[in-house]
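The structure appears below as structure tokens.
Chain lettering (A, B, C and D) follows the sequence in which the chains are written, and residue indices restart at 1 in each chain.
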Amino acid sequence: MQSAGAWVYTRLSRKMKILTGIGLKLRTGCLFAALAASLSAQSSPHKEIVKLVEQNSPTYIQASKTIWEYAELGYHEEKSSTLLQRHLKEAGFGVEAGVADEPTGFIATYGKGRPVVAILGEFDALPGLSQAAAPDRSPVKAGAPGHGCGHNLLGAGAALAAVALKQYMEANHVAGTLRYYGTPAEEGGDGKVYMIRAGLFRDVDVVLHWHPASSNAVMNGGALALTSAKFLFHGVAAHAAFAPERGRSALDAVMLMGTGIEFMREHIPSNARVHYIVSNGGAAPNVVPDTAELFLYARSPSLATLDGIWARIEKIGQGAALMTETTLDIKILGSSNNIVANDALATIAQANLEEIGGYRYTAEEKHFAQALQKSLPAGSVPDSELAASVEPLRKFDPNQPSASTDVGDVSWNVPTIGFVAATFVPGVVAHTWQAAACAGTSIGQKGMLVAAKTLAVTAADLFASPQLVRDAKQDFLRQTAGTTYKSEIPAGQKPPIDYGKM
Amino acid sequence: MQSAGAWVYTRLSRKMKILTGIGLKLRTGCLFAALAASLSAQSSPHKEIVKLVEQNSPTYIQASKTIWEYAELGYHEEKSSTLLQRHLKEAGFGVEAGVADEPTGFIATYGKGRPVVAILGEFDALPGLSQAAAPDRSPVKAGAPGHGCGHNLLGAGAALAAVALKQYMEANHVAGTLRYYGTPAEEGGDGKVYMIRAGLFRDVDVVLHWHPASSNAVMNGGALALTSAKFLFHGVAAHAAFAPERGRSALDAVMLMGTGIEFMREHIPSNARVHYIVSNGGAAPNVVPDTAELFLYARSPSLATLDGIWARIEKIGQGAALMTETTLDIKILGSSNNIVANDALATIAQANLEEIGGYRYTAEEKHFAQALQKSLPAGSVPDSELAASVEPLRKFDPNQPSASTDVGDVSWNVPTIGFVAATFVPGVVAHTWQAAACAGTSIGQKGMLVAAKTLAVTAADLFASPQLVRDAKQDFLRQTAGTTYKSEIPAGQKPPIDYGKM
Amino acid sequence: MQSAGAWVYTRLSRKMKILTGIGLKLRTGCLFAALAASLSAQSSPHKEIVKLVEQNSPTYIQASKTIWEYAELGYHEEKSSTLLQRHLKEAGFGVEAGVADEPTGFIATYGKGRPVVAILGEFDALPGLSQAAAPDRSPVKAGAPGHGCGHNLLGAGAALAAVALKQYMEANHVAGTLRYYGTPAEEGGDGKVYMIRAGLFRDVDVVLHWHPASSNAVMNGGALALTSAKFLFHGVAAHAAFAPERGRSALDAVMLMGTGIEFMREHIPSNARVHYIVSNGGAAPNVVPDTAELFLYARSPSLATLDGIWARIEKIGQGAALMTETTLDIKILGSSNNIVANDALATIAQANLEEIGGYRYTAEEKHFAQALQKSLPAGSVPDSELAASVEPLRKFDPNQPSASTDVGDVSWNVPTIGFVAATFVPGVVAHTWQAAACAGTSIGQKGMLVAAKTLAVTAADLFASPQLVRDAKQDFLRQTAGTTYKSEIPAGQKPPIDYGKM
Amino acid sequence: MQSAGAWVYTRLSRKMKILTGIGLKLRTGCLFAALAASLSAQSSPHKEIVKLVEQNSPTYIQASKTIWEYAELGYHEEKSSTLLQRHLKEAGFGVEAGVADEPTGFIATYGKGRPVVAILGEFDALPGLSQAAAPDRSPVKAGAPGHGCGHNLLGAGAALAAVALKQYMEANHVAGTLRYYGTPAEEGGDGKVYMIRAGLFRDVDVVLHWHPASSNAVMNGGALALTSAKFLFHGVAAHAAFAPERGRSALDAVMLMGTGIEFMREHIPSNARVHYIVSNGGAAPNVVPDTAELFLYARSPSLATLDGIWARIEKIGQGAALMTETTLDIKILGSSNNIVANDALATIAQANLEEIGGYRYTAEEKHFAQALQKSLPAGSVPDSELAASVEPLRKFDPNQPSASTDVGDVSWNVPTIGFVAATFVPGVVAHTWQAAACAGTSIGQKGMLVAAKTLAVTAADLFASPQLVRDAKQDFLRQTAGTTYKSEIPAGQKPPIDYGKM
């Protein structure tokens, strides 16, 4: 049986050839998406799946709220992971837990044979962003973690998609393997990289993922390659009042390294990013610190450029050690790649996202949004209708703001497509208390439903169309031609389970 | 009954007048001390007291070792304080615990009436200096506190002096009140300042104290006035990769404040000291830190000069806030004064310290010392005979290395004298793992006995000579004439019980 | 008589309506330009003008070389300005010199009545870039100025265009006023801003300009708004060894301001630019500097954003003063606006630039180019065919590299269009010795001829088509609607004739 | 013939033995000086010499004023040197000019045979300290040099002493060689070091010198050893707006090196000094600077300690280069040693300075002093009677404020003694405009007369007493035992004639 989704895809492919034949360089996708939307609106498999998502949604809305309350940091998402595993098991998935030396990592599987379609789930929180579902800064527990990146929605929404699709596949005898990857520690722990190294993605044909945001849009490539490390300096302790001249301050080295990084900013490409904290700034003011540490991330749209910048960052650390007569240990902690685009998958994902469409705020939600927006910086002019619409498909612009994800590494190994859904009030960016607040409200939950539906119908299209899977594979080969996947994480390194405390 | 000590004092006073009458400006004390030593060597009350100290010493050597093992941080010296209280109670002192809102503060009292002579005890450890009694860096528990300032010896030695003296007073029906002040959190918590504010020193006539060091010497004045504060900056969080331009980094403010402090160093008097740690350097590299904190100490031989420097430090903090569009909260955490000299008390203390004399290392101790000295910075040439001798009495040189102590505040309220005893291997300075190692060895314990004896006989001299107490009072009035005691700790502030974690 | 250029324009306008009528958002211009090029290739007025440019070219090639040798800094281009004035006078222009309080500013005029079309000329050099016309770093005089921005070509090429066009107008009785603006000190002196303030652009209908570069392309808008200032700190001098604590170092303030700027970089939009030198870093190491100065430029694609950044820069300066107990004088030295786009003028300029076309390197020029490119940073991959082609018309991308020019201010007052011509070897950027080298070679001169021809035929089109002038005006009004021209240069400020030394 | 001075010296030596025999550690000198003063007050050779100084004084007061007006920088004191040479020639000295490759260096000689006694003269000014003889900041020419160290008085006063003494020697047939060393560029040019290397001090027995200050006091040793260098960084230029990522900023390296120096301050001995200027901070803000330079002095009371600090300074420079991908050239520019004490010479110099005594201000001078003192920093409490008295002889305290001088190098080669005389209003320190102002007034001139008289009578004592010369030699050998003279100035380096501009 051929699904309507696949049918749309076929027609789109043909149309594309016609249009490109006339030699115009259009922003592909804008047009197609519109066509696709109109064509697939009546598609009955999609309808059935959407209905299943809606039927299952109360459980997963509740799960998203519970995980939001758990707010567990990367590699320590014990309760969150257990909750999702339980729901998936109850829904009939086989679950393998503790994969790839990651206690909270797991894979839930339904079905068998080709194709193997994987949906990614994340559920880790961020330190310091504890926040009530309120429009003003109200930590639930001051200093505690919070879901400032909405991974409570991400993990629950992806599970909802998997469960609904499984019910559809079962009911309709759809062949193939559906997997849900419970991937820990996206926020700096690179859980997926260790899963790749453990071979867990080796047999996967296509990977689907989504992420909370303030709009609905397909992400065809993008994200910034990232390397992170801790720069630990060792000096000589001394009584800071009595004999400071005997001390060699590791904190001085940290301060000078940080300052050196700031001076480098002007001389790296504008779209690169370097940011750091002082993860150990000395034990007591009256002792010249003999250890101090700077924890740094560097990012760039291109891993090659990032490698060049990284070499300079290490020089800055070494220069700081030289300046202060201290020594330096560099521990690479994490690294993730940029996301490889996949035009074949992007086209179908765009069609489906447009088919599903956005949603409108209730009066109460509008009220919440307006109150929350008062806390945003002057000059950010949020578009209040963002949640209701779907962005046109765009090429990734390396100069546009972006972030990083270990989904990047997955995309260098398997044809991958993802999208964002409008879970945050317009104007809100990830990694803020405002985002954490939204992730606990009905706004976040509505966005999660958009995501779950889009994931489920897109996966269904993939199960229905071998050609689509082949096209995805072919585009993957084209986009990665001449390059080899690599990760800056040292070979043999185990998942840094306690990276948040290191 | 008039003690031999007082007799010596009287003769010294007379001699001084004769000598000063001939109009020469001698370094007073050098000569006197030598005379005093020869004169008092046979003094029988001193002999009796010294014997009592030695009899009681096993208990307090053990106590010093136990407290060294406890290694409890300021205001949390529960076990250490309890141990000393128990010993003092068992020796017949009345104990009032939890004084001045300080859970580990206490006063042990014996006798009644005038004069009131107080001996100070301290027992808090330093963070990060856990160390075995070994000549190489061997933490008992990595990162844990350790007695790098030897307060285990200080508190136990002072208690030993009190107990021995009490036995002597009892046996000889000496009138007057002897007190032991269990003063918590000398290392930055200013336990004594809150005791002063609670009026606990109001009726004291003379205060005696000692401190571990690598030589035997009377401290007639000195120490650096100190003010400490936490500079907490508040900025605006933002995703550090996606929208760093929306963030206002509190860590940037900390880095710039630190850098500003470094630039100020050249332009303050050379004998001032400013040192800091980064007590909060941000939560996660991928979030622009909205809070960050610098914890700073500033010191100067003169509180007036310190106040001028402090005003500039606050300006530097404000400048850093202005530069980064952040806001700044300054929380004064601690403050202590320099020590007021007392020539009358110094003369008698010097005589007594010389009478007691130093001690010699055993072959084993020499071996330990030599091994330990290998870890000292090149260029420090330790004098191996330091422990055996007593330094001549010197005027405090404000350009010589010094530290700070809340004994300073006591000395602005009560005639006070102190001395150091050779508990550390020569070349070792306080607040190092080397000092912590020594504080757990027989070298430290031998120095502690020198201290206990000197404290006890000096207190005995005070009980024996009302004139000496009057002279001490008169010199106190002369040295503090025209000034008023003040503390930079805000009025009404409670002891910062958790200052180590703030 | 209606020129072919105007005719093309008319047809383009009609076509544009048709195309836009079908509702597609095309990158306008690409298509039009192609049509225009094919249509106007035979245009005989253009042919006549191009011929006149070529006939006059030897004189102006020689002038470009002479000015390249003069290499005079902004506001001190006495010999360069005089040379161009002489040529223009000899060609029949009336010349008014010393306009707008600028000794080297002048206006050369031919003809009368409307429209008034102005061509801009510049002729100032850059400090420190003295360089022979050689492919390796060979200063003619070490440390002396050089034409690293190719303004020797700019000024001579614009004059060549004016002279040729004047001959054509005279021969063909073309009505209207043609002006050449000799505008000094583009490099930081903002000569044009003072000309605007003096009312010298008030009656101008259209302004044309060009700039040396490594490709041939119309610039429809763009450039970065810029504000520059000197931050002069005043402290207290002191002997740096004897009494540094008495000093308050103005250099410390400069160092801290610079460092503060570096810390700000992360928190401004990526496409903004801030750069500075230490223009006064103290007189002698043994004296604490009582004056020191930082000379800073800030830029942004948007003047509004720039103003926000500028306010923060001033705060950083004030913060540095606060930190160091110094005082700060801020002297705004220059300011220029971004360039307002003009779609009507861009369309015709693109058509004409494509009509004129690029040029090819001789074997010798290729040899020079390859030798020069060896000095370029690894990773810059220059396209060797750039000079031969013309870039398609593009919208200004605010995230692409850009620079600043006081042409921006002109464009906020008069409809303005400009383009670049390929005078530099591909890969070479302005403000380098490589650019200075090219500006003295036949490569630079060939690019200058492309520019002179394009300027002349475009101006001729404007004289021929009142509609084109009206459309330019209308587009200007549309693009500037709701905004008001302003300059950050303080009202009443005179041209900073000695800004290079200030 | 034996002078009274020598007679005093003999008696002092005998007395010293007696006093030291009683075993008291007195501050030697205080007492001796007092005795010496009373004993030598009637000495008739001293009287005669003092009279000759006074007779010759008008010429040299005028010379001091003329040199003050010349205010020539180091190695460029052409007019100042010529003027002094002319006066010395006219007084009967033989003059050798241009010695040791120093155009303004010279030696003026009278007499022959042993002993050879040399008086040092300096005459160089300081940049930026141009100042009228007025009590408020009034540059004669803004930015021009000024005599902020009073070397106009130093050179003229020393010449006055030489001329008067020559007249006395001639009249009294005193044997021996008297030399005046015209030593250029004391302010950073180390003129005397090159003279030493040229062997010009090889046959000298004793060197006498003086320096302007705000009190009258013998300097027995002291001064800080000093090394200075220029740290020149080379980077890669780039357009700072268009392609800053291509640049490697030499200014960044300078900024980071300076910041690194500031961070080192806490961790060197408090009595060390490091100070710097940015001698090249970039050419233009819109070009990433490819060269930038930091000019630094480091000082310490001990050359060995200084060498350790210097190694760290070089590491800081290298660290800054590493951090910024620039390269570093270090050019040692100057170096001078601390001054070796000479107790034998100090005793006689103290006796003579006390014999000559200070002077009192006129009402007008008091008025000037009070007006000038208003410009001094709050907290400096000048003693208005300083000029009238003579300080007691003190041991050099390495923690007291000090400066550096190439007299230090002389003192490592020849027995040397010097003193300061009260030429500056109390509270004024050298290297300020206030010092430059005083150096042009009668206050400065009166101090100069104190100096000239003391120099002349002390030299006369040396000519009169071979024993004194022998004792000086013996003390020199004692003080320098076990050490070797060295200079950090690279071997073979020529005097850096243009060091002020380098």
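Convention: a contact is a pair of C-beta atoms (placed from the backbone, for glycine too) under 8 Å apart; a residue touches a chain by one contact, two chains touch by 3 or more.
Everything numeric here is computed off the predicted structure, so don't read it as measured data.
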Response to the item:
Computed over C-alpha atoms, the centroid farthest from that of subunit A is that of chain D
Discussion item. Count the C-beta contact pairs for A-D and for C-D, then tell me which is higher.
Written reply: C-D
Response to the item:
Here the gap between subunit A and subunit D, centre to centre from mean Cα coordinates and rounded to Å, is 69
Worksheet item: Between subunit C and subunit D, what is the gap in Å from one C-alpha centre to the other?
Response: 55
Worksheet item: Where in subunit B do residues touch two or more other chains at once?
Response: 240, 244, 246, 255, 259, 262-263, 266, 270, 275, 288
Discussion item. List the residues on subunit B that touch subunit C in their complex, please.
Written reply: 240, 244-249, 252, 255-256, 259-260, 263-264, 266-270, 288, 312, 315-316, 318-325
Item to complete: Could you please specify the touching residues of subunit C with respect to subunit A in the complex?
Response: 26, 259, 262-263, 265-266, 270-271, 274-275, 308, 397, 399-400
Worksheet item: So in the complex, which bits of subunit C are touching subunit D?
Response: 126-129, 148, 187-188, 224, 226, 228, 236-244, 246, 251, 254-255, 258-259, 262, 273, 275-289, 292, 295-297, 299, 377, 380, 401-404, 429-433
